[in-house]
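Scrolling down, you'll hit the structures one after another.
After this come two complexes, each holding chain A, first together with chain B and then together with chain C.
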Partner chain A sequence: MEWLIWLIPLLPFVGFLLNVFVIRHERPAGLVASGLVAASFVVAVTAIAMLAGLPEEERRIISVGWEWINAGDLRVPFGIMLDPLSAVMVLLVTGVGALIHFYSIGYMHGDARVVRYFAYLNLFVTMMLFLVMGNNMLILFLGWEGVGLCSFLLIGHWFERKSAAAAAVKAFVVNRIGDAAFILAMLAIYANFGTLNFYEVTVAGEVQPGFLERVPEIIGQSFGPSWQPIALATGISFLLLIGATGKSAQFPLFVWLPDAMAGPTPVSALIHAATMVTGGVYMMTRTEALFAASPATQTWVLWVGALTALIAGTAAIAQWDIKRVLAYSTVSQLGFMVAACGMGAYVAAIFHLLTHGIFKALLFLGSGSVIHGTHDTQDMRKMGGLRTAMPTTYWTYLVGAGALAGIVPLAGFWSKDEILAHALSHNHWPQLIILFLTSLLTAFYMGRQVALVFFGTQRDTHYHAHESGRVMTVPLIVLAVGAVIGGAINLPWGHWLTDWLHPVLHEEAGSFNPVLALIATAGAVGMSYLGWWLYTSNAAKVKVGGKDPAYRYTGDIWDGLEEAWYVDRLYERVIVQPFRGLGDFLARVFDPQGIDGLVLGIGRFFGWAGAQVRELQSGYVRTYALVFTAGVVLVLSFMLIFTR
Partner chain B sequence: MVPTSYYILLSAALFTIGVLGVLIRRNAIVVFMAVELMLNAANLALVAYARERLSIDGQVLVFFVITVAAAEVAVGLALLVAIFRTKRTTDVDEVSTLRG
Partner chain C sequence: MESFPILSLVLWLPTLGALALLAVPRDNAELARRIALMVAVLTLLASLALPLGYAPAAAASDGSLALQFVERVPWLPMLGASYSLGIDGVSLWLVMLTTFLLPIVILSTWDSVHKEVRNFQILMLLLATAMIGVFVAMDLLLFYIFWEFTLIPMTLLIGIWGGSNRVFAARKFFLYTFSGSVLMLLAIIGLYVLNREALAAAQPGYPGTLDISAIAANLRSGVFRLDPAMERLLFGAFFLAFAIKVPLWPFHTWLPDAHVEAPTAGSVILAGVLLKLGSYGMIRFNLTLFPEAARWAAPAIAVLAVIGIIYGAIVAFAQTDMKKLVAYSSVSHMGFIVLGIFALNRAGVSGAILQSINHGLSTGALFLIVGVLYERRHTRELAAYGGIWKVMPVYGGITLLVALSSAGLPGLNGFVGEYTIMQGAFLAPELGWPFLGFAVFGVVLAAVYLLRLYQTVFMGELDNPENQGLQDLNRRELVTLAALCVPIVALGLYPAFALGPMQASVADVVNGLANTVAGRIDLLP
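The block that comes next holds the complex of A and B.
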């Protein structure tokens, strides 16, 4: 039984190895990659069925492979686990992952590096599974860095394009900031608890403690200067928050995610919408005990999430690139999840994570289908009227957009409503207002996008739009079904997910507020319609390379929104350019003049000294003889005088 | 009997003449002869002290010096011939190709 859970991450890893070392052709690569992820999904379902058969308090299967690190007091077993929280994440990763693998067979057909693509995709799934199944911080970190690496490799899949290579580097570098904080948090946890395990585990007959069970020990402890002590729990959880802002693309580190759209669209769906970017939310949920011990950090988490949601939501309404709308929307929805974590509504965060994983993957795959069918067109100004040419894509996209906008009874409505209801019932008024406004914006930009892409007439007629093949539309249909019924896992009456996660999170079901739900629904429908109406009635004014119709109401604010409040440009000015300047100074001034001056100067000095000394070497025998004689005379007289 | 100091003085005088010959003269053959003069001045000093101390060691050493000197002359003259063949001169100042 225990060994079964090892199959879940190892099957995709086998796919990775096969694709790297054995397979050389496109067709077997795609089939092996998707087949093994699907097999992993089947194993996961089996394992979770067994997990569900256990009594509630025993629902945690931990399996230790071997002792990974054993250095002095530091003992890290290579152990993975399956508990209710890991289980739902594993289902999302393998389920949505398998669909995206299948979809990739169609989307990447004819690409020059398909085998490599599938190898990286398999490696990504492996690493993501280690991230969600690790029983200690170090394995979580292994997965955390592994998915970051795969994200880098896959964003840069088309590295011939300079923008893709730059976006890959940007994603990697921005993530490093969060990773550095994560490492510090890990060190702090080890220093204070003496262990990195989440839960108690028995290795070779020896019981190792888990820090999540020992959090009460550090409550009340503090560090820092005596005039401003910082609670230990606050220090650790704040570092973890910074780690999460990097991986989950939160303010102020969200700038990498919109650029990451340079990668292939299935990659955006899998890594930059459904799974990797939710790693931060998962990590905060897993270490929820630490966050609960620090109200100060909780407030930060809440504000970071709410502000991110608003900033990204406003940025999403002004984008022209079909994928950038979705990218900012993803950042915004991640803000919802983080805000839910900040409110202590971890079940709501995970619920939204799951439904968002489904409908955002659907939207990205739908946009991929559009891009595929319009021959690599991404600018929505060049689209329009595609609903007749691509009916399946249109209907499934509509479902995804409705779910994201929060239309009853699609999945997104239930999860978003649970977050808003929690904010209301716990009196987080400012955040509630921000999140509510953001959900209105969400509905608006989805209405806008649907109108721009699928309604009106085709504005750029240089291409002939066509529906994508079966291998791409079937995953769309499956995900669309998921987006319709996904909310059923945690309906206000029934709340199955809350019960399922109860052994891990010990949370009671939140209260359902019919008034709020009604207002939210009315707002969502109204704003969707407004967005749809504004861009269908003004469709004639949308020109390739032209301004948005909304520009005449907002003026230059619209440009600011399009640039995401100029956060990127701020970094460009404040960090990137000074850094480049420093690099330039070092390369062009300091190195040639300072370092080279020193090194060459030493060489030149000895050259000069040698030139001086070689004058002595006259070549005349008698000069040498004279010096020789003088030397003998000197030595002899010395001996005569001093050594008598 | 002639006192030892006379021999030593003569030896010193010969040695000095030899040194000056090496330092001052430019003809390689003369320089060579001056070197021989120094060697023989040393030989003279050796036998003088050997007689003074009634020891055979110094006298034996002289034979070695004479042998080595003979070998040295052979090598030195061969070098001289070689230099003369290439430079057409025996002036040591002309042979300064090792100048730095």
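The block that comes next holds the complex of A and C.
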């Protein structure tokens, strides 16, 4: 059983190695890459079936491969585990991952570097699996940065485009800021618990403790200056929160995700919607004990999530790029999940993570199908009326949009409702209102998008739109089915997911609030219809390269929304440019003239002093005698003073 | 020890090769290269016996160092100097790093050295002996001789085979590092005299010793005591020499000049091994012999190290010359190593040793990588490049791997070293989290400047017509770079392989710190 769980991440890794070192042609590359991820999915299903066969409290399989770091005080095993929480993540990663691999065979057909593309994709799945299966923080971090690397590689897949290259670097660097905080959190965890393992584990016959089981030990401890002590749990969990804002694209570090859309669309679906960006939510859920120990951090988490949801939701309504709408929507939905974590509703967060993973992957793949069928058009102003040309894409997209908007009984409705219901029952009123408003915005911008893309008439007629091939539409259909029935895993009456996660999260199922559900549904339906109606009835006013019809009424505010409240520009002015200035100053002025100037100055001084001393060699005996006498006096007085 | 003198073999093989090269006609470049390569490979093979035969051993009870492969032949008995060699867990992997880099560097000269090839190889082999000598010499005089001798071949390599401003750079390199070591010589003499006086009081006729292990034992057992002021003075004299060599901020300004002017092979050795002489010296002398002073100075040194981490990274970011960028990145990375050493605990010191190896591999590889482009285009300006990945895919892939290793991506070697160092510094009672709060910016900035390098050179449009005909790596370049990638990945996934054997010695150093300090505190009024 233990070796079986190693197969889950290793199968995609074999695919990576094959695609890097052996395979040189498109067809085998795609088949091997997809086949191995699918195989990984099958193994995962088998392993999880066996896991489910165990008694509830024993459902955790840990396997340590070798001792990774053994540096005296610091010891970290290289180990992975499968428990109920990891299990659902593994299913999402390998299941959706396999579908997206298959889809990529069609989407990337004819690309110049397609073999490399599949290699990166396989490596991504491997790293994502390490992220969700690691049995300690450092393995989680290995996956965490590994997926960041793959994200960099895949965003930059078409690196000839300057924008893609810049977006790739930006994504990695912004993530690194969060990662630095993550590292500090790990250092603090190790310093206080003496371990980075989540749970107790036996390494080479020696029992190492797990820190999640020991969190109560640090409650009440604090650090920092005496005039402002900070609770230890708050410090650690806050650092983890910063880490999560990087990876899960939360305010204030969300700016990399919209740019990341420069990558191929299946990548956006897999990495920047379904899996990688949910890493932060997974991590906070895994270390839930630390967050629970700090009400202060929890408040921050809640506000970060809620504000991110709102900011990104408002930005999404003003985008023209079909993928940027979805990107901001992803940021917004991640805000929902983070807010759920902040409320302590971790099951709801994971539930929304899973359903969102399915329907957002569906939407991205649908948009990819649109882009593919319209010959690389991404500007929605150039689309319109694609309903007839691309029926399968249209219908599946409609399902995905409905699920995202929260239309009953699609998957998104149930998971979003669970978050709102929890906010209501625990009296988080401000956040409830913000999240509710955001869900109205969500419905609106999806209605707008569907109207702009699929309804009306085609505004740019330079291309001939066509439906995508079966290798792309079949994954769409499978995901659409998932988006319809996905909510069933945690219906208010069955709450299967809550029970499954109970050994990890110890949560009880929340109550279903029919009034809230009714209001939310009415709002979703109404706003979707409004968005759709506004942009079908005003379709004539949408011009290629023109302004949005709403611009007439909102003016510059609309531009502000389109730029996501100018956060990016703020960073450019406040951080990036001053940093460049500082770098230039240090490199061109301070280092050569300040530090090195001093060094060279000392060198020149000795050169000068040498020249002076040379002149002392005058040859006059009386001069020598004088200097000699002075020297003797100096030495004698020194000895008299200091050797008493 | 009555066994085969394996250390002497590893130490003198390159010199023998250099002597053999004297017999080669000056203009027969190919033959000179082949002989040098053969010698380097033989040295590497001989040195493999070291880790294979190395048995991690606990410290001896009398406080002397737990050395292995010891060879000791009296040399100048009236001074107590001997030809004394030995390695422990601190020096084992540094010797291996040197013998591993040597064939790689020599292989790279096929593409990068085109004049006076024979003499170049002779100097390179002599330099190898000197560097290995520094790591294995267990006698202060012998150590000092090797230490100073590394300067001569390196200065000549820069001054003869360097770039346009080579004479200035060579002279700066020589004078700067030499002035640091003069103080060290004074300290060595002082240490010798004080030790002899201290022991002669109890044992009349004691001739004195220059044996490092014996002096360490005397200090630890308490028969040789230094008063705190003198200890700090000696500590400072040694430290200055090492800090310049490392180089620790603000003693770093010789490094960019030396790197920019040095030939590729010289840069690889300079960054790969020569800088490590400094970090090795800090552990071997400053920590082992002067524990109280080390503890006293640790916070101040750590501040300099952290400044170096951030300063080096920011300055690296602003460079337009690739080699200068990599040179300043060394300042940043070596700052981490010094931080780890002066964490004064096992995690910190082990991390520092491991990171010394990692930095040698990654930065050595980065200099080779810059050399590859320089040989093709004769410029190192970032602005001259862009979109190279398209025409040089293998080269691009390897560069990315090496850059990420340097930037500390988990799964590759750099991360393990950096994390271990940071954990050590975090746990150190003298340092703690405020230091890390700053040092961790080095991790962010490393990604910034390395990915900026990568983005400008490899990504974007291939718009410069001169770059469109670039050839991907030839077989020789591929072998040299791939050989470096193997340990980069291996040490990332299984660092325990290297960390394991060094633990006993590191524990010895750290225990020495703890015990001596405890004893000293009792003695103070």
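Here is the rule we use: the second predicted complex is superposed on the first by the 581 of 644 C-alpha atoms of A that agree within 3 Å, B and C clash if a C-alpha of one lies under 4 Å from a C-alpha of the other, contacts with A are read in each partner's own complex, and residues count from 1 in each chain.
Just so we're on the same page, contacts are C-beta pairs under 8 Å (C-beta built on N, C-alpha and C of every residue); 3 or more make two chains touch, one makes a residue touch a chain.
All values derive from a computational prediction rather than experimental measurement.
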Max touched-residue count on chain A (chain B vs chain C) belongs to chain C
Look at A:Phe638 in the shared chain and tell me whether it touches chain B only, chain C only, both, or neither; answer first, second, both or neither.
neither
Touching partner for A:Ala165 - first (chain B), second (chain C), both, neither:
second
Now for A:Ala625: first (chain B), second (chain C), both, or neither, which partner does it touch?
first
Of the partners chain B and chain C, which touch A:Glu615 in the superposed model: first, second, both, neither?
first
With both complexes superposed on chain A, which partner does A:Trp429 reach: first (chain B), second (chain C), both or neither?
neither
Of chain B, residues touching chain A in the complex
19, 22-24, 26, 31, 92-93, 95-100
Chain B partner contacts - residues on chain A that touch it in the complex
613-622, 625-626, 629
Contact set on chain C toward chain A in their complex
172, 175-176, 250, 252-254, 311, 314-315, 317-319, 328, 345-347, 349-351, 354, 387, 389-390, 393, 404, 409-411, 415-416, 419-420, 422-424, 426-427, 433, 436-437, 440-441, 443-444, 447-448, 451-452, 454-455, 458-462, 493-496, 499-500, 503, 506-507, 510
Contact set on chain A toward chain C in their complex:
66-74, 78, 116, 138, 141-142, 144-146, 149, 152, 156, 159-162, 164-166, 168-169, 172-173, 176-177, 179-181, 183-184, 186-188, 190-191, 223, 579-580, 582-584, 586-588, 591-592, 595-596, 599, 603
